[in-house]
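In the two complexes that follow, chain A is the common piece, with chain B as its partner first and chain C second.
Let's turn to the complex of A and B:
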């Protein structure tokens, strides 16, 4: 517990000094990471804690965005709502839409709930371009950040600090919520809504409120996005964004409070970094999701908890060899996959195909700072060799891990969860 | 004779063609322990579902005290002071034992929408949860995940959750099903203890339990109550023997 607090303090400090270190272009990426982190955290209130998997959460993010933009245009950052407080309008928009949509969606549970949320979001997505008053048609609407409180919000750094403030506050509020009576009931809702009814609770009302709260924080994230980009259009309601938050949340881990934050921040970071380097980011994202679901359903946060439990039990020294071989395995295998995908992607790309001349050997492609001839055996043997080496180390890593687990009751996902949530009892 | 706290008047329930409950009549007196027995498929669980609001009767009246409660929602019926347990263990498996009971205790404090104050600060809820833990003898297990409890411990937890709202009427649906002998003895004492001063309606297959625990017994066969009486009266009742032992042996 103490270590967690120290780590969080260090993280917060790092976030505070970040703009001083980063180049301006990266500050913008950091803002996007923060917004994605808050969005995933808001989504997880509904999904991880309330047990309701929404496939249409981009709708509330988008509504928050548009509401904030309208407020920016209408108020010019003056009066009761100066620019820094504008995300409140996003929150209000998200909350109201969440109440309405949630009232319908939570009438059903499970798959049907997911389908209703999906349908409502798609409805908005297809209606939005036609409602030019509200959503500005296909072009969308735009606005300008007005100066307030002696700040002009002209550069990315000021927007970064504004975003950081809102994100930290919102995540802290979301965490505090899990400790309140209603927050505890939200967990019970996930575990067994039927039993709650027979304990005298109005389950539908509770579900609607949890849905609306989640939509409200998604609306704040949307409002921050509006402040950052100063524009929005109906593409915000696209299914892709709803899917992205689901992927980010699950990759991070739904059963740990900060899991989605971790997942969203990492995925946004890699998405940003990779978009310059590769055209296959979506493929990697999908692969990562499948791997996480198959081999560590409790997500990255679950992995972190698992290893930290081992460190606590055996000490750093005993864990390092296993951790090292696990890292090498991961490195080698991802290198093999990346190598294969990138080579294939380049060889089959239209640009490359246009370079080909009949009866001439295929020209070399550059990858990892070297030239590789598609005709050479090594080019194709490379991923195979890397993969083979990775599998060999994997065997070793597995044996080491099993030795660590020796004489310990198996720590399944259920045990992990109880440790996380039981700490409050 | 004490006043009836729960009455079923000519209750019917059909699912399409299947007529499961056919004019059931039942009276639960204040403060008594009353068992409903009957062969498999007689409709005992359906009867409980009807009383607790899980299902709505096709016709007839269910009175809790003076109030007709048929068709009310489960949470409304719970608010009126009727609480039930389930035949198949129905708890919050991923939460700790303490949390399970605390959630059950919270309800009567009317704080389900409180989101501005940490739950740790509600000392009364904490005290009552601890008292309940002690009552169902799960103090040692309070931090354990409910899914990891043994079967009989889960049943005890289920009973604890049923008691948490301090109900006037308790419905227990086969609390001893699947228990060993020692576990049954333990659960029997537990039920006897915790139902002091309340009215209990219980469905149970273990006849030793029924006859030693209950003041009165009703026999449900094909959706009808064919007899109600003290354990001795029921033992001697000819129709009950027929229903249970088969007609050829009584002929």
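Let's turn to the complex of A and C:
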């Protein structure tokens, strides 16, 4: 526990000094990461803690965004709501929409719940372009950040600190919520709603409230997005964004409070970094998600916890060989996959296909700073060999990991017995 | 009158097409409790496979071949993906198929590019079947409807008149009991998943040539198919048929209706006031045609949560 606190403090400190180190373009990426992290954390309140899988959470994010923009235009940062407090309007918008939508959606559970959230989001998505009063039609609406509290919010650094403040506060609040009696009831909702009903709780009301709270924090994230981009249009309601938060959250791990934060921050970071390098980022994201779903349902955070538990039990030295071979496996396999996908992507791209001349060998493609001929055996043998090597090391890593786990029960009883004997003598 | 007839024909045939895709989905759901998000992706894969194969083997064999191949793909998905995560529960399976839709859509984009491909109806099928009010009615539409009806008939007979059908229905209602009686239930699951996928693939191969074949077709159709399945009642074949036709007709009629809420208020004598209100009031039905199925689904879930023909709530 102590270690976690120290790590969190270090992380917070790093986030505070970040804008001083990073170039301006990266500060913007960092803002995106923070917003995505908050959105995922809000989503996890509903799906991870409440056990209600929503496929339309982008709706509340979008509503928060639009509400904040309208407030920006109406108030000009004056009056009771100066610019830094504007995400409150996003929160309000998200909360009200969450109450209404949640009342419908939470009447059913399980798959039906997911379908209703999906339908509601799609309903909004297809209505929004026609409601130009609210959502500004196809073009969307835009606004300007007004100066407040002696700050002009002209550059990215000030927006970064504003976002950081809101995100840290919101995540802290979300964590505090899990400690309240209602937060505990939310967990109970996931585990067994029927039993909760028999205990005399009003399950439907509880579900609606959890839904609305989750939508409220999603609305804050949307409001921050509005402050950052100063504009929004109906594309925010797209299925794509709802899907993204689902992927991020599960890749991070739903059972650990900070898991979705980790997942969203990492995915947004890599998404930003990779968007210049590859056109297939979504494919990698999908592959990663399916891998997580199939082989480590507790997500990245579960993986971290698992390894740190081993380290605590056995010390660094015992864990290093297994960790090393696991890392090599991951490296080799991802290299193989990236190699194969990028080669295919380049060969099948329209630009490349236009270069082809009939009856002539296909020209080389450049990848990893080298030229590769699509006709050459090596080009296709590379990913295969890398993959095979990866699978071989995987076998080794698996055996080492199982050995680590196997030692465990043997150590347990022995330690126990010696303690019992010690007490007797 | 012309509008009525043509919309009726188009709506019925679009509904039959929807049925071909949703039949597999509703069967799989009824049996395994898995809402297969990737089902519409099978539809898309069918279209793209047929598009690729028809260059080599001709249209008819391409359609048949891609049906079989998509069926195999479905078997693979069930055997090597879904069965692995079965122990984690239905939500987990739903999420896995959700991830698969991403992968399939991105792979399609990788191989075929992020735009629609030139998949056309072959010349020998591209003629008018008959004339409606002096306009030609394409034979291909009738072909799609006919194939769908044929499929419905075959599945119905298979499920109700054969031994295999009895085992499948038993596996749907009481999987443990069917297994205890010595039937290989996992095999039945796999086969039904494969057949459901093959049906979606067939629908894609046929419809892809008539409508457009692009990487977004899975998502566009997928959401509508979910609506069909929920409205019809998850797990019910007849419900899927009724809901498909209903949604097909609604979508086909809605695009031609030039009315709005304001016209309704106009009947009550408050038309001018409604016109001034703007916003939702003056939205034409035709421009919000895409939203009507969702509204219908919400309505159904509120007044009859188990769907039109669903058994359990």
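Keep this in mind: the second predicted complex is superposed on the first by the 406 of 425 C-alpha atoms of A that agree within 3 Å, B and C clash if a C-alpha of one lies under 4 Å from a C-alpha of the other, contacts with A are read in each partner's own complex, and residues count from 1 in each chain.
Rule of thumb we're sticking to: a residue touches a chain if its C-beta (ideal position, glycine included) is under 8 Å from a C-beta of that chain, and two chains touch if they have at least 3 such contacts.
Nothing here was measured: the structure is a model prediction, and the numbers come from that model.
S.K.: For A:176, is the partner it touches chain B (first), chain C (second), both, or none of the two (neither)?
M.R.: first
S.K.: Given the touch rule stated above, what does A:350 touch, chain B (first), chain C (second), both, or neither?
M.R.: Touch status of A:350: second partner only.
S.K.: Once the shared chain is lined up, is A:250 touching chain B (first), chain C (second), both, or neither of them?
M.R.: Only chain C is touched by A:250; chain B is not.
S.K.: Touch check for A:198: first (chain B), second (chain C), both, or neither?
M.R.: It touches chain B, and chain C stays clear.
S.K.: With both structures placed on chain A, which of the two partners, chain B or chain C, ends up touching more residues of chain A?
M.R.: C
S.K.: Touch test for A:4: chain B only (first), chain C only (second), both, or neither?
M.R.: A:4 sits against neither chain B nor chain C.
S.K.: Do chain B and chain C land on any of the same chain A residues, and which?
M.R.: None.
S.K.: Taking the touch rule as given, give the residues of chain A at its contact with chain B in the complex, in rising order.
M.R.: Residue positions touching the partner: 176-177, 179-185, 187-188, 190-192, 194-203, 206, 209, 213, 414-415, 417-418, 421-422, 424-425.
S.K.: Per the contact definition, I'd like the list of chain A residues that touch chain C in the complex.
M.R.: So the residues of chain A touching chain C come out as 51, 53, 55, 104, 107-108, 110-112, 114-116, 118-120, 122-123, 126-127, 130-131, 133-134, 239, 243, 246-247, 250, 280, 282-283, 285-287, 289-290, 293-294, 297, 341, 344-345, 348-350.
S.K.: Can you name the residues of chain B that touch chain A in the complex?
M.R.: For this pair, the touching residues of chain B are 52, 54, 73-75, 78-79, 83-84, 86, 90-96, 98-99, 102-104, 106-108, 111-120, 122, 142-145, 147-148, 161, 164-165.
S.K.: Enumerate the contact residues on chain C facing chain A in the complex.
M.R.: Within the complex, chain C touches chain A at residues 29, 35, 81, 84-85, 88, 90-92, 94-96, 98-100, 102-103, 106-107, 110-113, 219, 223, 226-227, 230, 234, 278-280, 283, 287-288, 290-291, 294-295, 297-298, 301-302, 305.
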